[in-house]
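Two complexes, one shared chain (chain A), two partners (chain B, chain C).
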Partner chain A sequence: MRDLSLLVQMGFGALLALSVYLPLRCGQLSLATPGFYAIGGYVAALLSTRWPALSGGGASYPLTSLALELLLAALVAGAVALVLGRPVLQLRGIYLAIATIALVEILRVLNLNMAWSGGAVGIFGIPQPFDGPAGYALATGVLLALTCWLCSRLEAMRLGRAMSAIREDELAARCMGIPTADVKLIAFVLSAVIAALTGVLAAHFLNTWNARQGSFDASITTLAFVVFGGSRIWLGPVLGGLVITALPELLRPVGDLRLILFGLVILVGPILFPQGVITPEGLARIRAAVRRA
Partner chain B sequence: MSTPAAPPLLALRGVSVRYGPISALQDIDLQIQQGELVALLGSNGAGKSTTLRAISRLVKPVAGLIEWRGRSLARTATERTVRLGIGHCPEGRRVLARQSVAVNLELGAYLRRDRRAIARDLQRCYERFPRLGERRSQPAGSLSGGEQQMLAIARSLMGRPRLLLLDEPSLGLAPLLVAEVMAILQQLHREGLTILLVEQNAHAALAIADRGVVLQAGSISLSGSAAELMAHPDLKDTYLGEGEPGDG
Partner chain C sequence: MEAGQRSLPGAALAGALALAAALAACGPRADDLPLQVEGGVPVGAVLSLTSNANAYGQDQQIGLELAQAWHQKRRKADSPGAPELSLRLEDGGGDEATATQAFNLLIDAGVVALVGPTLSQQAFAADPIAQRRGVPVVAPSNTATNIPQIGGFISRVSAPSTEIAPLSIAKALELNPSIRRAAVFYAQDDAYSTSESAIFQKALADKGLKPVTVQRTQLNDQDFQNQITGALRQTPDLIVISAQAVDGGNLIRQLRELGYKGSIVVGNGMNTPNIYPICQAYCDGILIAQAYSPELDTPMNREFVALYKLAKGGAIPPQLTAQAFSAYQVVAEALQRLNKRQPLSQFSLADARKALMAELLSGRYDTPLGEIAFSPDGEVVQQRFHVAQVQMKPGSLNGRFALLP
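Entry: the complex of A and B
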């Protein structure tokens, strides 16, 4: 079913948006998300196509193998983020953005030229753990719900407060004794893990994986999710990811105009809502209005 | 009979700091004993803030030694200095404007785990600064300049420092508020807190300090008891650069 497939892709969009959001939550504009998404996808593609033991005997790919892929992808991406994070996160603002785009590009070119990643053709025939899009929708929904839960808990946790403090004033945060470098690194690693987990599901869902999955374009698209939805509270990137992924499909009836309309939404969104569509103040106003009604 | 002298709470020995090609501090020697209130004076760009940043390890000296109770801080991270008892209240207040007064204060106690003692300190803080108590759930950005300065000081106190580094708390405040801030510092000093007070308002600072140190272009040019400095004929004109042409 087309609609369910779109729903799955919207879920991926929301997850990747949350992956961009986490470093932003402590003021770090990292565009490395597609790189870790690609890593997750390659882990899934390689394990499921090159390791026969994982496929089991049945018609569909075992869920336990999928779980193992998720675990390994999280570990690999988390470890890469841990190693790269220390030096990279010393950069600030636009310099960090450029450096992380460079990371994504380096990874893409490597994947394009390595034999084990299938080169330009990539890896295809990735086995299916689910019969149809419904299973993927469920798995994506669960992963998204868990990630949202984590992000919403963050607002009440010490770690979340430290992240907000760093975003608002890093020097003040350091004077309060917040280990700013560690907090930023934790956010970066969490961001990488979420992107990698999404990549695992996406590789199976798309049935094929190649170097184009993690590109500069994807960096910009995931950033657009957050710019549109807002980056001050987790609901913003979720909405941005869902809406902007769905938009090209929803606009299909208008034909050739759709790319122009899509561009307009991305252009006009930040002008009308400079902090994104969803802000804590806006939510508070809505809540107050609901209570009054 | 005399017991061997305890090391000073804080000692700077020959400390120099550079920002790239710019030399901000040269060969600074400064000792602070437990319980003292020392005023660090100097005109714009003299290196006052840099001295505080070096002590809290926000910048790393290129030469010299900084010792906390006889132990070198050379390998200490800023968050660790806070844990050791060095509270740095930075220049320009720097309250978190979007967060409430209460959250700002709680963040000041970020490294502490003793919830009950934190709650007690919060209560005491609202007693000491009643206006913060009244506005505890308002965003800090909505406070007046004077209230924000009080919040900045109160937030530093929430970390239970043994030494408070204060960077120009009188900056931009009306004279009445300056007096109010100084009265609070004097009170904290009486309660036993050691304070290194950076000020351009030499008169207000020396009125409550035990002694003063004057920085000029990154070096200490004058130091002495508060009374000596107050009586010094050239303090304002020569040392604080207020008599320079074009300075009104």
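Entry: the complex of A and C
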């Protein structure tokens, strides 16, 4: 039983990191992930608490309703990303980052002021589809495995190669006939959908959802996952998300020093591994070593 | 070959997660094992020792430490047969996830009851976990409505804002019956401030004072000039603030600096001496309703105040410390009574938790807060509340909450 719920939160971290990684894969620094994460969470929280028909008659929340929430959250987030993506992705580099931060802030302020979102108190008493953390671990694991599979397939797919080409040189990619605007938009929408799906699971897991879940702080945390783990290959963000989420909890035995140690790790990581802990070159070296052995 | 290799880590990851889940499902359940009484009955506490809620967590930590020492002493002196408690304190941070994690950690470690978490917002996330796993929770500082209603295992010793907040408004009107124009400020991105402000506004309306303006601030704001000038244009003679210690302290300071002379009523978030260094001389005269009075003349409170003064060099204990002390005391005394009825070592952990909750709710407790009891759903039943006025020592950063008669 021990630490299974930590495993769930680590899974959420890895998923959010992948959501930041996808736009980065085509060179776009988008910090909108927490915004879509919040959208997913609100979809789940609102549907499960305000729509009695969904909760069925039984003691626990039916899995079919959870599946419906996942579907709806993916649709809503995907639609928002599709509409916003076109104009926002015209911006590059730091300007795109600023625009996406603005998006997160606008969503946060909206959620604070709208009557249906419960303001700062948020929505509480969200019903549980699973008996304990084991169910969440399984659901998160499946979602993470699917996302990882998608990301690993991207490396071999035309879309993934187009993304890499845009990251290396957008102008050159366009000259070679890659529809750069479309590719970037697909990455942005995929990123939004992953974040929203994570939000649905997180809302049920946390029992409560409020405007603080999607804040600027969360943007920075998710970016730290990718900076720490590395943004060249999908394994990097996954590792970053898992490790950085787990570290403050695993360091509990050291008591008051734990946040200092945690800060040190975040500081030392990028100094020792400027490209992130996991790079394609590093992986190739490990593979070669394994083959030799 | 290449693609196959690449997807290997993904498969491994999924496998590991599935394995962990399967292992967890079939492992032995700690709940069925007998309650561990060797070295003290394990009790957990989750307080905000880091994040910007740590101003509250520190006050509470002292309360728990004093309660531990006090309980040890009394156990030795009066009832040597009473069970020993071993308190395990974990940091709950300022967010939901950290508090949830700390709750899980302590429940898995086999604690028989939990004290915490510090913030109401955290309670909405962490308490349902304790409820599902049948672990009694005594909240020392959650004042939002609907906290004990989370479930049968959730109780609190902190009286809700609905009972306390209106008292300070009534007192302000009593001190100055000519008040006609009230202005309201609250931190709109904070759960506690938002819900308390709603109660304040209702209390004002009940007294026939519709707020002339309602200004919203943010927890991380430093500069309140916009909101203040907006409010002062309405020439209020009473300002009611729901904010936390740091932003609220700054707000009061700037209100006075910009020339506001009327009465100020603040909520529970500023109910800590930690505000003195922030608003300094400008803190003087603000009104705060109190669930605790250091001047309460009962043997229990005199003992508590003496312990606190000894530990803190003569300072007067704040409400949060007294409430944390009371929370520990409630758990300790309930365990003692339960043990008298049936030795604790005969219980399984799950049964001990259930029996403790029933015992806890049925008892009466002579705490530093006065005599308290619980309603059947876990809400505290407290006899006396007070209203204090801050009095700052001229030219110093020190002051006190002077109780008004």
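Throughout what follows, the second predicted complex is superposed on the first by the 291 of 293 C-alpha atoms of A that agree within 3 Å, B and C clash if a C-alpha of one lies under 4 Å from a C-alpha of the other, contacts with A are read in each partner's own complex, and residues count from 1 in each chain.
What we mean here is this: a contact is a pair of C-beta atoms (placed from the backbone, for glycine too) under 8 Å apart; a residue touches a chain by one contact, two chains touch by 3 or more.
This one's a predicted model, so the numbers in the text were calculated from it and none came from an experiment.
J.: Which partner does A:62 contact after superposing on A: first (chain B), second (chain C), both, neither?
T.: neither
J.: Once the structures are superposed on A, label A:238 by its partner contacts, choosing first (chain B), second (chain C), both or neither.
T.: A:238 sits against chain C, while chain B stays out of touch.
J.: In the superposed arrangement, does A:174 touch chain B (first), chain C (second), both or neither?
T.: Touch status of A:174: first partner only.
J.: Under the stated touch criterion, which partner chain does A:137 make contact with: chain B (first), chain C (second), both, or neither?
T.: Once the two structures are laid over each other on A, A:137 reaches chain C alone.
J.: Considering only the touch criterion stated at the top, classify A:155 as touching first (chain B), second (chain C), both, or neither.
T.: The answer is second: A:155 touches chain C but not chain B.
J.: Can you tell me whether chain B or chain C touches more residues on chain A?
T.: Partner touching more chain A residues in the overlay: C.
J.: Looking at the overlay, does A:124 come into contact with chain B only (first), chain C only (second), both, or neither?
T.: second
J.: Answer with first, second, both or neither: which of chain B and chain C does A:270 touch in the superposed model?
T.: In the superposed model, A:270 contacts neither chain B nor chain C.
J.: In the superposed arrangement, what residues of chain A touch both chain B and chain C?
T.: none
J.: What part of chain B is in contact with chain A in the complex they form?
T.: 56, 58, 77-79, 82-83, 87-90, 94-99, 103, 106-108, 110-111, 155-156, 159
J.: Give the list of chain A residues in touch with chain C in this complex.
T.: These residues of chain A touch chain C: 1-7, 9, 11, 108, 112-113, 119-122, 124-125, 128, 132-135, 137-138, 140-142, 144-145, 148-149, 152-153, 155-156, 206-208, 210-213, 235, 238, 248-249, 252, 256, 258-259, 287.
J.: Quick one: which bits of chain C touch chain A in the complex? Just the residue numbers, please.
T.: Per the stated touch rule, the residues are 2-3, 5-7, 9-11, 13-14, 17-18, 20-21, 24-25, 27, 29-30, 49-50, 90-91, 95-98, 100-101, 104-105, 108, 121, 124-125, 128-129, 132, 144, 146, 150, 187-191, 193-195.
J.: Over in the complex, which chain A residues touch chain B? Could you list them?
T.: 158, 161-162, 164-165, 168-169, 171-180
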